[in-house]
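Written below as structure tokens is the structure these notes are about.
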Amino acid sequence: MTIAMQLLVSGIAMGFVYALVGIEYTLIWNSMGLLNFGHEKVIMLGAYIYAGSMILDMGLGFIPGIMGAVILVAALGVVVAVSIFIPLRNMNRLCAIMATVMLGNIINEAVRLYYGPEAMTVKGFMSGTFRLGSLVVAKAYIYIIMIALVIVFLLNLFMKCTKVGKAMRCVASNKTAAALMGINVRSNMAITTAISFAICCVLGIAIIPVSSVNASMATMISLKGFAAGVIGSFGSLPGAILGGLILGVAENIAGMVFPSTFKDVVAFVFLIAVLMVKPTGILGKRR
Amino acid sequence: MSKTIKRYGYVLAVAAALLLPQVVSNTYYVTMFCLTLIYIIIAFGLNFITGMTGQMNLGTAGIFCLGAYTSALLTTKTSISPWIALIVVIGVGFLIGVGLGYPSFRLEGVYLSLTTIAFAEAVRQLANNMTDFTGGAQGVRNIPPFTVFGYEITSKIQNYYFILAFVILFGFISYRIMHSKWGRAFIAIRDNIDAVSTCGINTAHIKIIAFTLASVFGCVAGGLYAHYSSYINASTFTLNLSVTFVVMILIGGMGNLWGCILGAVIVSMLPEFLRFLGEYYQLTYSILILLCILFMPGGILSVVKKLKRKR
Amino acid sequence: MSVLEIQHLTKRFAGLVAVNDLSFAVKERSIHSLIGPNGSGKTTTINMIDGVFLPTEGKVIFNGVDITGKPTYEISRLGLGRTFQNIKLFNTLTVKENLMVGGQMFYAKSNILRFLFDIPGARREEKALSEAADQVLEFMKMQDVADKTVGGLPYGMLKMVELARTMMTKPRLILLDEPAAGLNPSERKQLIDILFHIFESGVDLFLIEHNMDVVMNISHNITVINFGSKIAEGVPKEIQNNPEVIKAYLGDRYQKQA
């Protein structure tokens, strides 16, 4: 029973990670109609900037380090939006996807050349365990859940209550109409990309305690984040969250039944199964 | 007129391919040529679904992997000849096409790219983790070579000509399909999918055909690869490889056989030409491809065509 | 006998009623028009007939077959052709290739395996398809543009190409969504000629149109809708004099002429 509970907690935590991935790429998808396949590397970059530059090089504390990293990555988001994403959005979809993949490769190589190929760890960062009766849970999982909840809450507040957030929703639903209403669509897209990149960065930092900082740290979670989006309902933020949670819990439960080496397969088999049964996703509508 | 010129072009290309290993007979290069030929077959297949029909397939590595493993395991675990295995491999390709195409094409949009990634990742993980069956990270060793009239195809040069025969066969099949009602329907779907249904054509059916062609070509290429290299390992078949295949047809020029050939040759030879860059190679390569996409979205062939028109 | 029968068709989009309990019939050997002000539900109606939208309620009977809710490709195989308000063509193909895509389900039916292995058969099929396209091109007097890529053609010509492509599907009835929109007077005249030509060859026509010259000149029957409901039906003369219609739509210009 306690094992099941522990798996549930870690499942929910990983579920929130997938949900954040889902949110982060859905933002860009809704705003620019672009699937950012480079997001995996942005997540990794966030972790490297935090661990490599902010903590190890500059010796900042955990919180200022996080803020520094997030600001840097968000700024990179603006640069990427202006130089690549915005010119790409009117191009054919294949070219756009490949360009984002190449962006990921460029980030990957830049990180390897700058920080070197060795993995890094941050000592004492979100480490330790909570004890609740016989239940032992890594603090990292609790932090991840809390961070995710805060991000979801803040994002929701931002989209509903601020002018920029409302403009983001307008741009998502109709670009021409938004432009006619006096919204600067291009700068709105740049802001959206910056927010998306900032979420990537936080994600990268949040998973440091569970995966250490290395080049392929975000490969699996980014792929599963895609799966989560499709499982929930593609292009919808609540769908991404629901899909993420279902996926996180499902794969941990599957881990009890099947050998743990197959844990990573579960998500993809699950995704294909959902598409066969209800292709628009769990929250999806019919025509 | 231009049609006959094009045909001469194909004859010339075949002649050049036949002469190539006689001129450059260094084993290292011939090995590279063999791999390029295998990639050309994959590019021919990917051309149907991605190049002509305009649907992004990022799971080619999974298709390639399944083809390679099917053939390798069949011939090492049982004593089936590679030729029989090849028929099974074609069947596997067909199953992937229909099984994965059907759920992906009930919906528009990006679903194919996501399901194909999921599929490829699942295949790779299974190949890597089902240690008893696939050998796990050890891979499959001692895969027997093909035999033709009792002769084993073992040396690199023999392999080159053997694979070249397949390239010519698949090139011929591709050419026929591209210049037929199928080819027109593929392009029609890319141009305007709504109008295709009003022509009485079931668009999902056509997309599944295009995707099945891609998966059959990919699986056959996988089978050829397994017997050519006699050793396979799951770590070859990553998402990066899938991306490389798409880059090939994108760089060459989509929806065109010459584009496929050109792209496959360039992408597999590029590491040789850029070797002097050392550890900066990958970075330069990625930046180059990104620039190509941003400033030359029609591929190299589109630039060639534009130059011709100017003259 | 009617070739197309619409029975109590209703479409609701999340509370909004776009088409409300609409019934009418297109008689065999007739040109029937559906008119109505902007936003009255004309295109929605065509989309329901053609299987693009699923009707909320009601039935569509074509040639005695219930086609309600069938997918578009099955409907067009039964002989119901369609053109679009905002022309939908295959821009990177030539005019003739566009027509050949239109006709491939009707003149070249082999499946992919048969195609791959039966090379002479495939060649024969391709020839039959190409000849059918040539015939339609001749019928539409468009031979001179046959090998031009569609992307670069003028707007009026695109409308003709779309009509020609529909003719390749061996239609019994063609639905035309605003065929005269965006055409200049001389192109409009050409269009009317070609529509009569098509009608004489045995194809019935059903059109949605804004241009009254075209509608009054060629229609045998007219159905008028407003806010999704039918307000009048009859021959052009009756419609021109119907006070309800004049109020909703026509203005008084046509009343004076009549």
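A few points about this structure:
We just call them A, B and C in the order they show up, numbering each chain from 1.
As a convention for this text, a contact is a pair of C-beta atoms (placed from the backbone, for glycine too) under 8 Å apart; a residue touches a chain by one contact, two chains touch by 3 or more.
Given the structure is predicted, the values throughout are model-derived calculations rather than measurements.
Compared with chain A, the chain whose C-alpha mean position is the greatest distance off is C.
Put simply, the chain closest to the centre of the protein, by Cα centroids, is B.
Taking the mean of the C-alpha atoms as each chain's centre, chain B and chain C sit 42 Å apart. Each chain gets one centre point, the mean of its Cα atoms, and the points for chain A and chain C are 48 Å apart.
The centroid of the Cα atoms in chain A and the matching centroid in chain B are 31 Å apart. Within chain B, contacts with two or more other chains are made by no residue at all.
Multi-chain contact residues of chain C (touching two or more other chains): none found. Partner chain A is touched in their complex by these residues of chain B: 50, 54, 56, 58, 100, 102-104, 106-107, 109-111, 113-115, 117-119, 121-122, 125-126, 129, 239, 243, 246-247, 250, 254, 279-280, 282-283, 285-287, 289-290, 293-294, 297. Contact residues on chain B toward chain C in their complex (touch as defined above): 173, 176-177, 180-182, 184-185, 187-188, 190-192, 194-203, 209. Note for the complex: chain C touches chain B at residues 50, 52, 71-74, 76-77, 81-82, 84, 88-93, 97-98, 100-106, 108, 112, 115-116, 119, 122, 125-126, 129, 165-166, 168-169.
Of all residues in chain A, those touching chain B in their complex are 35, 37, 84, 87-88, 91-95, 97-99, 101-103, 105-106, 108-110, 113, 219, 223, 226-227, 230, 234, 259, 261-262, 264-265, 267-269, 271-272, 275-276, 279-280.
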